[in-house]
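In what follows, structures are represented as structure tokens.
Two complexes come next, and they have one chain in common, chain A, joined by chain B in the first and chain C in the second.
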Partner chain A sequence: MRPMPHDHSDHPHALLPPDPALRVKALETILTRKGLIDPAALDELIDTYENRIGPKNGARVVARAWADPMFRAALLEDATRVVADLGFYGRQGEHMVVVENTPQQHNMVVCTLCSCYPWPLLGIPPGWYKSDAYRARAVREPRKVLADFGVTLPEGTSVRVWDSTAEVRYLVLPMRPEGTDGLSEDALADLVTRDSMIGTDIPKVPS
Partner chain B sequence: MTRVHDMGGRFGDGPVVREVEGDPVFEKDWHARALAVTLASGALGKWNIDVSRHARERLSPKDYTRFSYYEKWISALADLLVETGVLTLEDLKGEGRDAPHPLAQRAMTADVVPGVLAKGGPADRPSDVAPTFVVGQAVRTARPAANRFVDGGHTRLPSYAQGAEGRVLLLHGTHVLPDSSAHGLGEAPEPLYAVMFPATELWADAESPDDEVVLDLWQSYLEPV
Partner chain C sequence: MNDCVTIGVPEPVFAEPWHAQVFALTVHLNETGRFAWGEWAERFSTTLKRHGLSRELDGGDDYFHAWLETLEAFLDEDGGALKDEVSPIKDAWEKAYLTTPHGAPVALDG
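Let's look at the complex of A and B:
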């Protein structure tokens, strides 16, 4: 077996300023001055994930699955292809699986080892998803974690937690709320919360 | 135990503090810059996703624990830039040269950003390794959870699931093996499965006997039961 080449206590990052904002700024400045990164590209990356790619994409997929049984069946069969056909493909969403909540089973997604998350459908993960508490607890005590979110499952519903350990990204298809017959896809999409597609929330009930 | 990032099942972290939906995507401006600098540096082509994950995992346990999320990203990025020879220690100290870098022609420009993000980086590859397990089959994970090529190396088998018996739920096709890819040992693609474990198999005091945990696991992490 090979030894680990880079395990040492004097990591290079310690040479940068300790304050995290200054550390980022220092590295950005060094790389920019050498022509290795383009500040305009950074602005474009940030704008993409701040304003264009986010949970509204996933909500559209869920709403269509609620409205169209054929779409729902295809989505559960081959999510990667089906969401790509809607234009949702790319970094951190190359291999998609959609898992369906039922009265018998509630699904919940975590990445215990890092922060894997379906970017093209949900955007950049929220802080809680990346927190030690969620990563540590979601697999062992999902029901107590759900309680932190104010969610209590009905008696007889089991929990299946998906730990995203590979490049496959999971999206939860929540159950369609009661009293939503006849709503348009747009109106349905408004009921789909980001967290309901991670499995830590249930969709809103129409008011 | 692999490393401190391998925290699934750990006790003592307290409640999950939920943000309100609709809060800013980036809580602070420097979070956004850290993400963007990391993505743009990745475009230089000096490492893959497995190498960059492992760089974060190799932060010392003390740093990994005290750093916030994007501090881990930016610090691991600095380490990686030096380890791959893109930057020098003098550069990080602010004593390097500002002259254009030999890799500068690879720098990601704003116009290519949408295309790069849309293209992504799929991890499935053709493989000569045939699947040896079928859906429904009982399998057991390796124990200890550890990289078998490099001592202390990258692996995606969490320690909470080591030596556990489960059942194959899905075959995802053949994917790059992170244990190899993170260490420059080749992509070594092999079958990847979703494997379901009863919560009672993993935890001393499972919340419900009907609950389950599913992990994506490579064939070499598994043996037949």
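Let's look at the complex of A and C:
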């Protein structure tokens, strides 16, 4: 029997990538031939975003802010400089602002424009952050969105939504959970979830 | 939100290899000074708005389709990669895939 063209067990030819993948390859080929891009730099970028940066960076910053009042003050004063001093990757010229949760105010971050996000601290945003549903509802009904994430705030806590832009990207500094006195920075960082730094979660309580 | 918010499930950084490729290509072009990131974000936002008029975007594949469309239009406009140049090269890649034996590296002639 003649093999089916796309029978995975017996390809007569290389598997044809989907149409958008071929369009991207075409752009890369043209730009490389014109000397406008360096293909090795693309591989390096992908490796960086897939393997080297992500929410662990942000969690380290949050844990240190919990443990070190001087660092916390500097972070709230000028997060861009602090993040640069820590050597975290970021070359889009973004200005980073850290907003602190308190018993009076819970902060939540959205980008109604597209999906601006503090890449050096959180990596690539999750799908839901980029969805129309979140981008539209976070501003309109933040408490309902928080409820969808399983977060219920006390009555007296207000919610402030920060709209990120290409120029200013926000990170939430969550409140340090109770019962974490004496924990090391590494142990504290393990309690910090990605979503708690977007404001759609609260840090885990140590078990 | 139920269909777009999945809590607690680990997600790959990029769901498809081409998502990573088009992302890296755009960031690289920004880093080499071809455009400012603010300029990119403005154009991308316009594309997202236009796509979002006809259906609700879930932030997955549709997000990167909008991203690619924005980059193609940008490069066509600034001469980096004209539409007329892209089409034959894309066809050449397609032909290369369809004529390369399975398992062999796929490359363009010339």
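Quick note on the criterion: the second predicted complex is superposed on the first by the 160 of 207 C-alpha atoms of A that agree within 3 Å, B and C clash if a C-alpha of one lies under 4 Å from a C-alpha of the other, contacts with A are read in each partner's own complex, and residues count from 1 in each chain.
By definition in this document, a contact is a pair of C-beta atoms (placed from the backbone, for glycine too) under 8 Å apart; a residue touches a chain by one contact, two chains touch by 3 or more.
Keep in mind that this is a model prediction, so the values were computed, not measured.
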Just checking: does A:Ser158 make contact with chain B only, chain C only, both, or neither of them? Give me first, second, both or neither.
first
Looking at the overlay, does A:Val145 come into contact with chain B only (first), chain C only (second), both, or neither?
both
Report for A:Ile37: first if it touches chain B alone, second if chain C alone, otherwise both or neither.
both
Touching A:Arg194 in the superposition: chain B (first), chain C (second), both, neither?
first
Most chain A residues touched (candidates chain B, chain C)
B
First (chain B), second (chain C), both or neither touched by A:Pro20:
both
Could you say whether A:Ser207 touches chain B, chain C, both of them, or neither, answering first, second, both or neither?
neither
Could you say whether A:Leu45 touches chain B, chain C, both of them, or neither, answering first, second, both or neither?
both
Which parts of chain A are in contact with chain B and also with chain C?
11-13, 15-16, 20-21, 23-28, 30-31, 34, 36-38, 41-43, 45-46, 49-50, 54, 91-94, 113-115, 123-124, 126-128, 130-134, 137, 145, 148-149, 165-167, 195
As the complex stands, chain C meets chain A at residues 1-7, 11, 13-18, 20-25, 27-32, 34, 36-38, 40-42, 44-45, 48, 52, 56-60, 63-65, 68, 71-72, 75, 80-81, 85-87, 89-90, 93-94, 96-104, 106, 108
Can you list the chain A residues touching chain C in their complex?
11-18, 20-31, 34, 36-38, 41-43, 45-46, 49-50, 54, 91-94, 113-116, 123-124, 126-134, 137, 145, 148-150, 165-167, 195
Which residues of chain A touch chain B once you look at their complex with the stated criterion?
1-4, 6-7, 9, 11-13, 15-16, 20-21, 23-28, 30-31, 33-38, 40-46, 48-50, 53-55, 89-95, 97, 110, 112-115, 123-124, 126-128, 130-137, 139-145, 148-149, 158-168, 193-195, 200
Mind listing the chain B positions that touch chain A in their complex?
5-11, 13-19, 21, 23-30, 32-37, 39-41, 44, 49, 53, 56-60, 63, 67-71, 74-79, 81-83, 86-87, 89, 91-94, 96-101, 103-104, 107-110, 112-114, 116-124, 148-153, 156-158, 160-161, 170, 172, 175-176, 178, 183, 192, 194, 196, 202-203, 207-208, 210-218
